[in-house]
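Heads up, there are several structures right after this.
Shared between the two complexes below is chain A, which pairs with chain B and chain C, respectively.
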Partner chain A sequence: MIRVAALAGLLLNVPAPGVAVAETMRATGGLGVVVERASGSLVIVDRIAREAIGRVEGLGDLSHASVKFSPDERYAYVFGRDGGLTKVDLLEEAVVAREMQSGNAIGGAISDDGSLVAVANYEPGGVRVFDADTLEMRADIPTAAKVVGLVDMPGNRFVFSLWDAGEIWIADFSGGAEPQITVLADVGANPYDALITEDGRYYIAGLFGEDGLVLVDLWEEEPRARRILDGYGRGEEPLPVYKMPHLEGWAEAGGRFALPAVGRHEVLWLDSQSFEEAGRTKTHGQPVFAVARPDGRQVWVNFAPPGNDTIEVVDTVSGEVIETLVPGPGVLHMEFAPRGREVWMSVRDENRVEIYDTRSFEKLGEIAAESPSGIFFTARAHRMGL
Partner chain B sequence: MIRVAALAGLLLNVPAPGVAVAETMRATGGLGVVVERASGSLVIVDRIAREAIGRVEGLGDLSHASVKFSPDERYAYVFGRDGGLTKVDLLEEAVVAREMQSGNAIGGAISDDGSLVAVANYEPGGVRVFDADTLEMRADIPTAAKVVGLVDMPGNRFVFSLWDAGEIWIADFSGGAEPQITVLADVGANPYDALITEDGRYYIAGLFGEDGLVLVDLWEEEPRARRILDGYGRGEEPLPVYKMPHLEGWAEAGGRFALPAVGRHEVLWLDSQSFEEAGRTKTHGQPVFAVARPDGRQVWVNFAPPGNDTIEVVDTVSGEVIETLVPGPGVLHMEFAPRGREVWMSVRDENRVEIYDTRSFEKLGEIAAESPSGIFFTARAHRMGL
Partner chain C sequence: MSDLASLVVAGVLGVIGVVADGEAGAEIAPQRAQALEHMVRQDCGSCHGLSLSGGLGPDIRGRAIEGLETRALVEVILDGRPGTAMPAWRPLLTEEEALWIVDYLRAAGSE
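Our next item is the complex of A and B:
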C-alpha cells in the first residue's frame, strides 16, 4: 500500500493522457520513452526539458521490452515479451495499433525505408513482418527455432540468429513482400544476441554454447560466418551467469569494439579492423550493457545482480575505469543524448530515471517512472541497427 | 518572362506560408529545408512524403548558405553569405529571430548541448556566438583574419581555421560565456575549409596554399597540428581551380576517408587510422563534394563547372566509378536520407530537386525549388560536425 501511495505521488507531475495534447505544437526530435516494465506502460519524455510529458498504458508484458521509431520520429513500435506489438503515437500520446503477434517475443527491427516492422519470436519461433502503417502482417518466416539478435540491414533487409539451430538468416525484402532468405548454417552453438555495426556492414553474434562469437561481413558477395575471440574464457572456471549480456549495446570506440564478456567480470576489446582481441578491462561485476558515449571516448557499463546498483565509466584510450557511480538498485539501461552530452539511466527499484552529465558526472535531474527499464530516444530513428 | 511563369506554375503546390499550419500535428524527424539561393528563401520539405510543405522568405543573401538544426529538430539556423543569421521555425513555417551579425559570413555551427550558435565571419573576420533561443550575442571572438571551417566539437566547444593567418583555434565554452581559446599557430598556408570526424576526434583542414592538409587529434591533452598528404599534386601542373571543394562533405567509408582533391580530377583516399594516402579515383571533373552514403559503401561526387551537370558514384571497396548520373546543369549539393535509402540533389539551373534510390539509381521523385543549392535534413541535429 505504501508503495502505491508513493508512486501516485511521484506521478502527479505527469499530465493525464490526451489532455491538451492536440493544441500543442511539438517537435519530435527531442522526445523519448521510458519502459515501465511492471505496469505495461511507457512514460513519454522530453529529453531536452528533462521531464516527463505523458504516459501511455495497456501495452501488456513489458518485462523485456524494446522500442523502435518511425523515420519521422512520431511513432514508437513497442515489442513486448508476451508477443504484443504496439504502435504508439508520441504526439497524440495514444496507442494507434496493437497486435498480439505471437506467444513470446524478444525484440524487433524496422526496415531502413521505414515501411516494415519485424519481430523476433521465441514461441512459436520465427520472424513476423508487419506493415509499419497498419501493423497488418506482410510476411511470416517460420524457423522452427527461437529467434534472437534481429537487426535491420541496409536495403530493406533483416538479419537474425537461431538460438536452437545455430544459424544466421538474412531476409531480403528489397523485391517486395516475399522475402529472399539466405541461411548461414553451423555458425556455432546457441547464439544469444547480436549486433550490426553502425555502418550496417558487420553482424556479430555471441555464442553462449561456445565461449566465443561469430562475425559475418555483409558486404561480401556471399556472406559467410567466421569465428572470433574463440574460447575467450578458456582454461578458467566459468562463473554462474546471472543475466545474459545485451549485444545491441556494443559500440565502436577509437578503433575498438567494447563488449561485455559472458559470465566474467570483464569488458572485452576487439580490434575493429582485424577482429582480434585488443585487451580486457576488469569490471565491478558481470557486464550487461557496455555502451559507448556517442563520441567513442568513454564506454559506460552496467552489471548483472548482485552488482546492478553500479555504473562504471571506462576511458577508451587507456582502458581504465575512470569513474564509478552508484545510482541505486536495479540500474537496467542507459541511453545517451545523441551528441553525447548526457546519459539517462533507469534505477528500477527506486522508481526513477537519473540523468548525468557525461563530462563532469554531475547529476542533472531525475524523472519518476514505475520500475523503469529500457530508455529509448527518438534519435535512434536515424541510425542503422538501433 | 517565360522563366517566371514556369516557376509560378511549378510552385503552385507549395502551401502559402502560415496557412492551416497550426492545426496540423506534425513530427519533425522527417523534415528538411532546401535553400533557394537566388530568392533568399527556404522550401520546407517532408522527405518521407517526398514533397514540399511550405516556404519561408526574407532570409537575405543565401548564395553560399548553410543550415544547422536545434536538437529537437524544430528550428533551422540559416547562415547567409551577407552575415545574416536567421532562426526559422519549421512547424510554424516562420522566421522567429534574425540578426545581421556581420558583413560577410561563411557558415556556422551549433554546440552539442544546443545552447549556442556560432558564426564564422569573413568581414570583419572572427567568430560570433549567439544564444540559440533568442539570438542574443553571447561572445565575440575577433581574429583579425577570415574564419573558415567552423565546426562544433563535443563539450560545448568550437574549432575553426584562419584563412589569412594559417591558424587553428579551439574555443571552449564549457565554463560559460567567456570562452577559453587555444591557438595552434603556423599550421600551413590558407586553410580553406575543414571537417571534424563523426566522433568529434579529428579536425582536418585543407591548405590551399600548400597542396596538402593539416590534421589535429582533439583527444590529445595538448592538441597539435600535423601535416598529411603533403604536396599531393607535386610535380604536376595545377589546373585552374573553378570552385573550391567543400570538406564538410568528407566522410569515412570502410576505413578510408574520401576527399575531393583541389584543382584535380580526382577523389583522394586517406587511411582513417594512419592518415596516409590510400589510393586515388579518377573522376569526371574537379570534385566539389565527395559524400559517403551513410553505410559507407558508396561515395557520391559532384563537380565544379564545366562538369557540374554530372554525379559519379564510387564503390568504396573497389574505388571504381560504378554509376554516372546526369541530372542537369548546376548540381550543387546532395543530401542522403539518414539511413541511406535515397539521396536528394539540387539541380540549380532547372529549378528542381531530384530524388534517387541509392541502390537501383532509379529516380523516385522531384520537387520544384527556385535555384536550389543546399539541402539539409533535420536528422543532422543528432550528429556531430553536421
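Our next item is the complex of A and C:
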C-alpha cells in the first residue's frame, strides 16, 4: 500500500527527469558519418532512419579521409589528407579536439582498449600516436618512408607497412608509451595497403611493385613475412591502374577471401586456410574495393576510373557476377549495415549517397551529400582492424 | 600580359592559347576542359591529392613542376613512369589534352 502511494506520488507530483531525458536522448549504435571530401565536412547520418541528422565542418582536406570510432560509439576520429586529426562528438555535432599532426597523412587506427589513436603519415613519413581523450601526442615513430596499411592489433599494438621501403613494422604499446618496434624487412616492393583479419591473427599487405601479397601470422612467436599468390599476374603486362585498390573490407566469405587484383580486371579468391589461390572472377574494370557483405554471401566491387560509375555484386559460392548496378560517376565507397541487410554507397559526382537492399537490389533511399567519399557506421567501433 | 597571367586567364576561360616551352598551347573546347579539370582534381587527385600537393604521388602544382619541360610532362602523363605507380593515361587522353593538363598544372602553382 505504501509502495502504491509512493508510486502515485512519483507519477502525479514529482517531475520525472527520466522521461524528459529519454525524449532528447539518442543512442549512437545506428549512427554513421559520410565524408564530404571537397568541402572538408562530415554529414552525420542515422542509418536506421536513413536520414542525415547533422553536419560538422572545418575538418580540412578530406580527400582520402578515413574515420575510426571510440569504443562507446560517441566520438569519430577523422584522418584528413592534410595531416589533420580531428575528434568529432557525434551527439553534440561538434569538433572537440583537432591537431595538425603532419603535412600529409593516409589514415589511422585506434587501439583495442580505445586509449590510443595512431596516424599513418606520408610527409614526414612515420606513425604518430595520440591520446584518444585529448589528442596529445604520446609517441612519434619516424620511418623515413611513406606509411600505408596501418591497423590495430590486439594488446595495444599497431601494424603498418612502408610503401617505399618494402617493410612491415609492429609497434607494441602494451608496455606503456615507449613502443617496442619489430621490423620485418624486405617483404616485397611497394606495399600499397593492408588489412588484418577479424580475429586479429593475419596481417595481409598487397604489393604494387610485384605480383603478390605478403602474409604475416601475428600469432607466431617471431612473426615473419610470407609471400602468397606469388606471380598471380602470370607475367602478363599489367593494365594501367588509375586508382590504387584498397584492402579494407575483406571478410571471409565461404572459406575464401576476395581481393582486388592489381593491374588486372579481376577479383582474386584466396583460400582462408591454405592462403593458396582459390579462383578468379572477371570484372568490369580495375577493382578498388571488394567488400564482403557481413554474412560473407556476396562481395560488392567498385572500380577505378574510367569504370567508376558501376558496382558489381559477386556471389561467393559460384564466383559469378549476379548483379550490376550503375549508380553514377564516382562510386567511391560502400558500407554495409552491420548485419548486411542494406548497403550505402557514395556517388561522388551526383552529390548523393544511395541505399540499396542487398537481396532485392532495390534502391531504398538517398541522402544528399557534397562530393561524398567514405561512409562509416559506428558498428565499426567493435571490429578489429576497422 | 605576362605568360603566367595569361595562363591563369586562359585557364579560367578553359582555352589555352599561349606558347609554353616554345610549343603551341592546346585548344580544348570549354566543356571538355571542364571535364579535364574534374579529372585532374578527382582522378589525378587520388594519388597526388585533391589540392595536387602530393600523396602517394608527388606534389604536381605549378611551383613543383617549374623546372620540368612541358614535353617531358606530357610524356609522363601519356605513357606513365615505369617502376612507379604513375599509369599511362594514353588510353583516356589525347596529346592535346595532356598538354592542356600541363598548362593547367602550371597555372595551379599559386594555390
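Keep in mind that, in the parts below, the second predicted complex is superposed on the first by the 363 of 386 C-alpha atoms of A that agree within 3 Å, B and C clash if a C-alpha of one lies under 4 Å from a C-alpha of the other, contacts with A are read in each partner's own complex, and residues count from 1 in each chain.
The rule is short, and it goes like this: a contact is a pair of C-beta atoms (placed from the backbone, for glycine too) under 8 Å apart; a residue touches a chain by one contact, two chains touch by 3 or more.
Nothing here was measured: the structure is a model prediction, and the numbers come from that model.
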- Task: Could you say whether A:Gly296 touches chain B, chain C, both of them, or neither, answering first, second, both or neither?
- Result: first
- Query: Who does A:Asp172 touch here: chain B (first), chain C (second), both, or neither?
  - Reply: neither
- Item | First (chain B), second (chain C), both or neither touched by A:Pro71 | first
- Note on the structure: Counting residues of chain A touched by each of chain B and chain C, the higher count belongs to B
- Item | Contacts of A:Asp230 with chain B and chain C, given as first, second, both or neither | neither
- chain A partner, complex, touching residues on chain B are 22, 25-30, 48, 69-74, 90-92, 112-114, 154-155, 174, 199-201, 219, 254-255, 273, 294-297, 317, 337-341, 359, 378-379, 381-384
- Message: List the residues on chain C that touch chain A in their complex, please.
- Response: 38-39, 42-43, 45-47, 49-51, 53-56, 80, 83, 85, 87-89, 91-92
- Message: Which stretch or stretches of chain A touch chain C in the complex?
- Response: 37-38, 61, 63-64, 81-82, 104, 106, 122-123, 146, 163, 190, 192, 208-209, 240-244, 305-306, 330, 348-349
